[in-house]
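I've put the structures underneath this note.
Paired with chain B in one complex and with chain C in the other, chain A is shared by the two complexes that follow.
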Partner chain A sequence: MKTMQAPNQPTWRHWLRGNAFLFILLIGLILFPFIVGALTDSSPFGVPRGDRMIMRGESVRWQSVLIEVYILAILAMSYNLLFGFTGVISFGHALFFGVAGYVLGLMLEFTAIETGWALLLGALAGIAICGVLGLVVGLVTLRLKGVYFAIFTLAVAEMAFIFFGRWQLTRAEDGFAITELPLWLDPSQNRLNFYYVTLIAVVITFLFIRRLVNSPTGAVFKAIRENEDRAQSMGFNTLNYKLLSLTIAGMLAGAAGLLQVILNKKVGPELLGVSYTVDPLLMTIIGGIGTFSGPIIGAGGLHFLDVFLRDAELNLGGLVIDIANIWALLLGIIFILTVIVFPFGIIGTWQRWRARRKPPA
Partner chain B sequence: MTPILEVRDIHTFIGQFHILEGVSVSVASGGITVLLGRNGAGKTTTLRSIMGLTPPTRGSIQFEGNPIQGKSTHAIAQMGIGYVPEHRAIFKGLTVRENLILAERKTGDYARKADFIFELFPDLKRLIELPGGNLSGGQQQMLAVARALVPDNRLLLIDEPSEGLAPVIIEQLIAAIQRLADQVSVLLVEQNFRVASKLAQSYVIIEEGHSRVNGAMNELVGDQSLIQRYLGVA
Partner chain C sequence: MTGQRASLIAIVVILGGLVGVSALNSSSPGDFGITLLSGLFQGMLLFLVASGLSIVFGLMDVLNLAQGSYFMVGAYVAYDAQHAGGLIDLTAVIPDPNLRFIIAVIAAVLAGALLGYLLERGLLRPLYSRPIFQLVLTFGVSLVALELVKFIWTTTPYSWTELFGVRESFFELFGQRFSTYRLFVVGMGGVLIVTIALLLQRSRIGIIIRAGVEDREMVQALGINVRAVFTLVFTLGCAIAAFGGAIAAPFLGASTTLGNAFLLQSIAVVVLGGMGSYSGTAVGSVLVGLAIAVAQDVAIGTDFAALPSITPMLLLVLVLLLRPSGLFGNSR
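Take a look at the complex of A and B:
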């Protein structure tokens, strides 16, 4: 009789084999600023001028593109935990992203706390408040099913958007700039450091979500996604599990919001805008709903398209079209095509294709 | 002997439709009771009402002497009632092992019951790492029943286990349900009268949302006029 035991080899080697692709990708991303620097003959640290650094050169420019991808990836992964693994569709994810950003900004700019401590306190408070917010919004709304829940979350996020857009203390629609940041983290002085901070955040988020989803709690999440009645019939209080999923997803989205504020050194109501809900939704669908790496691929793909195409011009026999003007249309077409070609997202479709080619023994 | 489950005159609405208009069912401790009746009579709704999935608006349901109507579904399940819904209600995206472990109410339930489960359903042991969706219809039904056996349930509600299965598979299922009935009481919904008569000791006939007749199975088997009246197709 065949046994189901794992191949007899050291576990770390087994682990490495299962994650070889991700491991190589990670090493590539760690070396990325230096590779770009070497290829374009630019310093990954920027150009020194006096005792300050000027963020100029290809390597530094590409670092900021990837930092944005990482932040969006964390946001999309958190959305995927809720939407892809638990089956709860929220239209208010920007709420967490923005609120955490505002908490950090207020702590840095509006309190007399010393900068380093303000950063730490602001980050912890931002994430904690997002957790509480997830719990409260969930308690009020998670009894609603499907579309009703989604509409309610949209309303809550829009309320926050309108509130912060009018709050005089935070300069209403203009928002306010972050002027105090510890030098080592400041992306306009030490962008390379911030690059690694965001990369580490992506790796931790990825490993955390994978661990969570593969745990017994994660199995209940997936059971709720497949059929909530059935999960209840087995004795699970599904409301508690959905609350847990929403709370964790909210805290992770809050972490992404913190990083966004540090990157842009600015806090404004656009952090609560609907695009920070729609983008992670699209990224998750394009990358693969309910896959671990799908949201990262989706975030990278969409953001690179954005960077490359938005400022490009299309020359159609003398007729010059500025892509920026038709960007939304183009994005729509890309989305439709992706969904047709990859009905389960890029990663999801690839996994199914591979599973068909190599049926389990 | 006191019944393990006592359903008295329950009324259930689904939306605006009055589906159950007075159903009473009594399940004896340690035996199999079957709900009989034509399509749409309200058999599945009776099971769903017991589980609190479609809560009854009137009437009482007692499990081991404790009222359970009005409780939430998960609380009812935790009291010791396992529900095996119709259409092989397994989680298709989870493996067989994950499906079984998910059913644990206390850590270690699965390990404790694994031998008993694999003795009833030897196929499942071989398929343990496959996603539930890759199993055949019969294997999925076995998994659905096995899942309800993982925690220490004292009553199983099983809805149409034989539906759409090959005769050979049905025989296996009958044997398995007969064996598990040594350990748990069963309330069964079964359209296939041959299967029902083999398994159950007592029956309740439901017609148009009312429970009409009940009694011992061996009496019903001999009563052709009763069978014709409530179950006959013609």
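Take a look at the complex of A and C:
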């Protein structure tokens, strides 16, 4: 990974060389809507009708698929910060995702604040509340053994799910639609703008987590993951570091929840459902626990698989099964198999394979 | 010693508080009796899920997040065996519904035991060196179990339609009709509490299990095959959970929400009683069961429709805040 820096080379060029693959990928993703548009002869902006835009055509359709991947990738990266780098396992990540979504939705629909300000305030408040929530949940349980934290997050997320599922103000199980959004961000009008917003969010999250984990603080995170007692006896207050990791992870998951609400223009208890805990867990494990790009690869891989298989059918000797009906079952089986036979995930296994091929000089 | 006395006082206070609230809230002795009986009913069902959870955690350090799924599977298998149609149709072979109910319960227990054995031997055993992944794995198993049940029996909940002996009879007390079946389940739960306690206290295998909870390495060093004990205990725990599901089905029906609900409630029980403590689990079950019944009573006619479902989680949060080692747990 680390190559010696040539003395006369400017740092930025060195940086660019170290991240060449990511850089090319990023350019590809920036151009993606236009490439698909050119290939399928459809406009990346949608079809104009009167003074409105109709979101129709292949380019626009694939934009929304990728937006979903980006949102899941942010969620999975936040999960990975907690589970992969700090070794703290949560079964209630959907809590942060959903609560931030509800805060934004309430701010946009249930207050008289002007739309643009409501969006800004809602987003900030949502992320801040998630941070506080992470802090509180952590203060209660992070002193205890890891299993208590897992249980506690499971219980709190379930409690929030039940609570929001019955809250009359937000129309209980049905949830409510977001009708007020600034035009430039509205994914049903200017999806391309929203595409770039989510892409920027992914890039920022990625760089932020990489910077954090490679910092001295991140080194303590990893020490806690490897052996918490030892980190403690070296003089680090591990509770504070775990709290920090959880708070940041909660805020990032909240940010993903905000984007999800804007994309679907709907807020409902499904945001707090168990699938938003399972998905990032699964994506992190399949992509590679404790790697930087693993969660993104996992999110992309699983979501594309989902999209491609959604309309497929499985023919078992006369018994025809829609993949869509058994998708969750397949995911669960993939999950179990990965945990048992493939614990390092795609990126982790690849890194190990490369390390074995190139023995350190 | 003082810790034990404090626990006992805490239990008496909580129990007294629950009964007091219930007594104040109910208008007649009959209402009060109903709350009490339904609390005990819920408590016994919880005990059937929580006992396996607690012993397995104490012995193997594995928190089986799929324990609730065994309860759910037990309920579905029993429903399926009892009623016409479905996977196994016994109505033609065994026309007597009473006898068929016994067969249905046995089928559920066997299914639970088999699935428990497979989970421990096939999936958990390779992971004893990676404990955090065991937790992740049992979580995954619970999802697969839920999806499999949805796939086989669809998502529509079943309500028990076929009446038989104890299920249809009632008895009267204070001018209020009580279902005999609830009393039957409470009795079954009581019998099981005593049986398992005797098994743990008096039998050779029980002594090994208790020793294993204290110190696993030492038991192994004494030449006992701890792995085999693990498998046995895990299988039994799952079988008991499935048994709970089977005897709950005539009252609660079979639905996909059973698994998660009972898992969270029994986790609350286990944490309240103290992880790995058998008597703690027994007492915790009764307390949580009563708390849910009282909450149901209080919630009627108010806006807190979600109160009964949130109660176990609130208890869990409170216990973790005040005394994380639970009523009977060692403080560690």
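Everything below uses one rule, namely that the second predicted complex is superposed on the first by the 335 of 361 C-alpha atoms of A that agree within 3 Å, B and C clash if a C-alpha of one lies under 4 Å from a C-alpha of the other, contacts with A are read in each partner's own complex, and residues count from 1 in each chain.
The criterion applied here is as follows: a contact is a pair of C-beta atoms (placed from the backbone, for glycine too) under 8 Å apart; a residue touches a chain by one contact, two chains touch by 3 or more.
All figures in this text were calculated on a predicted structure; none of them were measured in a lab.
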First, second, both or neither for A:Asn325, with chain B first and chain C second: second
Partner chain in contact with A:Asn315 - chain B first, chain C second, else both or neither: neither
Contacts of A:Thr11 with chain B and chain C, given as first, second, both or neither: neither
Touched partner set for A:Thr179, first chain B, second chain C, both or neither: neither
Comparison of chain B and chain C by chain A residues contacted: C
Contacts of A:Asn227 with chain B and chain C, given as first, second, both or neither: first
Contacts of A:Gly235 with chain B and chain C, given as first, second, both or neither: first
Chain B versus chain C as contact partner of A:Ala219, first or second or both or neither: first
Chain B-facing residues of chain A, complex: 4, 216, 219-220, 222-223, 225-227, 229-230, 232-238, 360
Parts of chain C lying in touch with chain A, wherever the complex brings them together: 63, 65, 123, 126-127, 130, 132-133, 135-137, 139-141, 143-144, 147-148, 150-151, 260, 264, 267-268, 271, 303, 305-306, 309-310, 312-314, 316-317, 320-321, 324, 332
Residues of chain A that touch chain C when the two form their complex: 87, 89, 91, 140-141, 144-148, 150-152, 154-156, 158-159, 162-163, 165-166, 168, 274, 278, 281, 285, 325-326, 328-329, 331-333, 335-336, 339-340, 343
Residues of chain B that touch chain A when the two form their complex: 51, 53, 72-75, 77-78, 83, 85, 89, 91-94, 98, 101-105, 128-130, 147, 151
